[in-house]
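Scroll down for the structure; my scribbles are underneath it.
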Amino acid sequence: MTLCSTLALVLHLALATGGVIAPKPAPQAADDTSGAQAAWDQLDAIKGEGADGELTGEGLSAWVDTEKVPTLMAIVVFGLLMFVYQRKAKAGQEISIRRIAGLDAMDEAIGRATEMGRPVLYVPGIDEIKEIQTIYSMMILRHVARKTAEFGTDLIVPVKDSIVLTFAEEAVKAGCMDAGRPDAFVKDNVRYLSNEQFAYCAGVAGIMAREKPAANIMLGMFFAESLILAESGFMTGAIQVAGTAKQHQLPFFVAACDYTIIGEEYFAVTAYLTREPNLLATIRTGDFTKWIGITLLIMGVVLATKAVGAEGITWADVFLRLAGK
Amino acid sequence: MFLALQEAVTEAPFFTLDTSQPGDVLGAWLVCFLTLAVFSFLYKDNPFYKFAEHLFVGLGTAWFTMKYYEEGIVQPIHEYITSARAAGAAGEVFELGGYPLDTAWAIGFRVVAGIFALFLLSRLIAPNGWAPRWPLAIMVGVYAALKMTGETQSKLVLLLANAVAPVTDPNKLAWGELTQNPGWRIENWDMFFSFSMGIFFVGLICALLHFVFTFKRTRVLAGVSKVGVVTLMITFGSMFGFTVLGRIALLIERIDSLDGYTDPAYSLAGDSGGFLTMAFSPPILLGAVIALTLGVGALRGRGGDSA
Amino acid sequence: MASLRDFDRRWIFLIMAVIVVGLNVTGGGGRLPVSEYVHNYYDTIEALPEGSIVMLSADFDPASAAELLPAYTATIHHLFTKKLNIVNVATWPAAPPYTVSEFGRIAPQYGAEYGESWVALGFLPGDDVAMGNIGQSLASAYPKDDVDETPYGDLPLLERVGDNMDGIDLLITMSAGYPGILEWIAQVGGRYEVPILAATTAVQTPDLFAFYPSQCAGFLGAATGATQYLQLVDEATGGAVEKERLVNQKRMAVQSGAHLFIILLIIVGNLIYFIGRRGA
Amino acid sequence: MKREIPILLTVLSGLLVTLAFFTRGENVAAGIETHWSKAVNAELLQWALIFFSVAFILGIANLVRISLKQIQGGGADAFYKTVMLIALFGYLGVGLGEYHGWWSFAGEGEQPMKLWIYDKLFIPLQATMFSLLAFYIASAAFRAFRARSLESTLLLVAGAIVMLGQVPVGDQITDGYASRWLAFLMVYVNGAGQKAIIIGATLGVLATGLRIVLGIERSYLSE
């Protein structure tokens, strides 16, 4: 806390007093822009656009929505990279993955539940199956179901949506099969509670209070109910592992859960749990794409800063147009 | 009682569907009872709350069922086929997604959709059959593709493109009111702006690198990741602050709304004024009844489940 | 730590309730300093010449009305004071009743005629797709209006708008979540040269800073922003929204008490935690 | 065959929707006509909506099945489950009747009964459920928000600045600086963090979506 108050004091003083800083020259205007103009015209021709941005019906514009070409390129490049990394992974190249503490804790939590003879609660978020996070949560559920079936622990899965219910049943069934214990699947433990957010939430809170699961695993797409779920679970003293890529709910999970899987970490869960080369290759692709993105960002910033004060078409304009803006 | 947005009401009908009326007595008592019943959960799980909760589940499910029935079954199947047939009979051009289409094809496609929908229902009879998987597979494909394309466009490509900005800009001031201090502005260069943009870009890049999983965790990358975590935590902190603001605003509104029903027009004691009118107004009377019931239950030691 | 876990949190609930109800009774609440992004919202509307056409999209429902209705009311007053024309749309199914009731109340105060000064087009399903359709072709998205099913071209205001976004001078959204301001920015802001303003719920406000001011010229962030804006509009209209202003200023005073209480809870909770840890 | 057909359907519908995203709609000035994929896309979206709605009946069947079981078994909750079923079917009856014009409770210019029920029962229930969050946040603040590390300390301090900067009392205490710190935090730090989280999550969506559309990911279908 002292560190923080010191920091706050320094910032406060800095803002209050201003300060005398040695003058620096104003940024230089960008120099020659004729090259950029030529590139711009070339782009017009390829895209099939006139000088005012209207369509000519030639070039790409005839059937492709030219504004979306950068998106198309992003998806294609991502797909190609994924193909390459998967080939490499199949050929035996090892891909290591950094530690994600929350996932290491999940096994531990299931183990503890077994020791205490209490069930494990898996909340797959409250969105519909059209949300990719929900689809993804179903894949994780399969692994969790395999673990609980192996340990012989009850797994309760309350769901908010009827389609998710079908998927959740399939996932738990498949997980039990994976563990070689198809008898471990209990149909009434995958429960449709309600399609209404807070009614669902109250239902889950009720399960937490009555059946006292020893571990609450909350992975998926969450909305305002996240705090109530985390808080209710906290009251029962269960180990809580939560994860979502929905940033608005992360503060509350960070606050009230023992472990939190943040943002993109969520999409690395299956790869982390299975170490399947195929999935690791996908994560690797995402990492590489991030490096590309950062490089492009820095290039763009340098060009844009150089272009400050320049007249006409600059390289920054060309760059941004290529980036889809 | 105190300053509230609701209009003062002199006389209210017992029940009305006319929206130009300020409100009805029955509605006032229902709203107050349900509001207080939900609030009673804060004390502990109790019969009032359970009643409100189950009413809520039933109504909520019915509300969504009707919405899906109207928008997802009647409109796309019944009304669509009716309008396609009408267009076919009149010899008009029938368009689907802006593309002109023969009406026989349009109706045929929709009939196939109806058959697939029945496949889905076959789950009620044969839970493990193959049939429900077909429509489910189509749904997964459609939604996965929709999200993939749309989000890549607006939240990846355009988001990065929009982040590109000069770190110096003579036309831009940083921090709004903060830069009224002339000490930070030198000719046409605003130091605060450059400093702030620097913080922005460093924060963005470090936070992105925190989400790199498979590259070797060198000391540099670990340090960068640490800076990224700091940025993320401050972000979460500010989201936390704003969420507090929003939730408390909702609570204040509920209290304000309850207060509006202390109006004499809703009171059982009529608007004779004074203590009785207030005591027999819906929020006060219902609040007292709920509190008394729970209190007596607690004293006898046989309330509902503990919260 | 154990004592903290055993602590009955209902005491906290009780104090919180006492603070909110108590401050509500005592009332009070003064003027708030106006933030830059709120001023930008106000100034963008002020800068429009008389007779300009504003598209006002109601993207909220009853659950978020507590936060957005004050901003909605104030915006309508402001637009009518400036003699601007309003095209109302909605992408949330529960929003149109608010449009009807607010305009029914406010429009007569300014002598604004339906069809000439304002129109209500109603709810369009489809979320972001609906927004894309509105941008691409307003006429085919809404063949008829919402009030008495008049064909699009028969309303004089819509005739002036023409078919698409080029006829609109400003887009304002009352945004409660998905779909809302972020989708308007993606679907319309990126494709048509129309400035966008927004009023947002508190939860959505942090997102918007990533788009301000390049893609969203100004916004009313949460209850604070709405209250600040009500102050500005109240001055500009000579007291037309005085009641709303007073209620919201009072609510902000209640909010102050609740925020201080929560900060106090964090500090005390941490003190207990650290003392307990030192003891152990 | 049992496995191949569903995967084929996923891939086919996914690819068609992806294609339609990139093709162009009509542009009269340039003489461009709508691409056929737009029509397929529109049709597939309607299909998804239909399946979604029909499947909703499955959910109700499940809810009713479980509730009836509980009512039959007697016990403490039987009464509440009955309340729920009455609310469910009662409201469905009112709503469907009014939608199809079988009956109406409203006179000329009045709102339908289903909106009255929505107003007087559903809205207070939902809004109050939301406002409970204010209390839960208070209790979480006391018991769960701990300055265990530099990171969580930062989270708390930033949260406090935002809370103070948004209300009048904050500026009174800090001589007007709370709202300025807020402005800086929100625009430059929160802005960066938001973008990073969104970009990261979108890469996850892209990867998972692409795997599904290309038929590489099949684990959501049991074998």
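The first chain written gets the first letter, and so on, giving A, B, C and D; residue counts start at 1 in each chain.
In the analysis below, a residue touches a chain if its C-beta (ideal position, glycine included) is under 8 Å from a C-beta of that chain, and two chains touch if they have at least 3 such contacts.
As the structure is a prediction and not an experimental result, all values here were calculated from the model.
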Chain pair showing more contacts of the two, B-C and B-D: B-D
Chain of greatest Cα-centre distance to subunit B: A
Rounded Å distance between subunit A and subunit D, as computed from the means of their C-alpha atoms: 16
Distance between the centres, which are taken as Cα means, of subunit C and subunit A, whole angstrom: 29
Approximate Å spacing (C-alpha centroids) for the pair subunit B, subunit D: 7
Contacts with two or more other chains, residues of subunit D listed in rising order: 18, 21-22, 25, 35, 45, 48, 52, 55-60, 63, 126-127, 129-130, 132-135, 137, 139, 143, 145, 147, 150, 152, 154-157, 159-160, 163, 166-167, 180, 183, 186-187, 190-191, 194-195, 197-201, 203, 205-206, 208-210, 212, 220-221
Shared-contact residues (touching 2 or more other chains) in subunit A: 15, 68, 71, 74-75, 130, 132, 135, 163, 166-167, 194-196, 198, 202, 224, 247-248, 250-252, 254-255, 262-264, 268, 283, 286, 290, 293, 325
Per-residue multi-chain contacts in subunit B, two or more chains: 19, 41-42, 53, 56-57, 60-61, 64, 71, 123, 136, 139-140, 143-144, 146-150, 152-153, 156, 158-160, 162-163, 165, 176-178, 201, 204, 208, 211, 232, 235-240, 242-245, 247-248, 250-251, 253
Subunit D residues touching subunit C - in the complex, by the definition given at the top: 25, 45, 123, 126-127, 130, 134-135, 137-139, 141-143, 145-147, 156, 159-160, 163-164, 166-171, 176, 179, 183, 186-187, 190-191, 194-195, 198
Touching residues (chain side subunit B, partner subunit D) in the complex: 16-19, 26-27, 30-31, 34-35, 38-39, 41-42, 50-66, 68-73, 76-77, 80, 96-99, 101, 109-110, 113-114, 116-117, 120-121, 123-124, 130, 133-153, 155-156, 159-160, 163, 175-178, 196-197, 199-204, 207-208, 210-211, 228-245, 247-248, 250-251, 253-254, 257
Partner subunit B, residues of subunit C touching it in the complex: 10, 13, 20-21, 24-25, 27, 35-36, 66-67, 93, 101, 125, 128, 182, 186, 190, 201-203, 205-206, 210-211, 214-215, 221-224, 243-244, 246-247, 250-251, 254-255, 258-259, 262
Parts of subunit A lying in touch with subunit B, wherever the complex brings them together: 15, 17-21, 23-24, 26-27, 68, 70-71, 74-75, 95-98, 129-132, 135, 163, 166-167, 193-196, 198-199, 202-203, 206, 209-210, 247-248, 250-252, 254-255, 262-265, 268, 280, 283-284, 286-287, 290-291, 293-294, 296-298, 300-301, 304-305, 307-309, 316, 319-320, 323-325
Touching residues on subunit D, where the partner in the complex is subunit A: 18, 21-25, 27, 29-32, 35, 48, 52, 55-60, 62-63, 66, 126, 129-130, 132-133, 136-137, 139-140, 143-145, 147, 150, 152-155, 157, 159, 177, 180-181, 194, 197-201, 203-212, 214, 216-217, 219-223
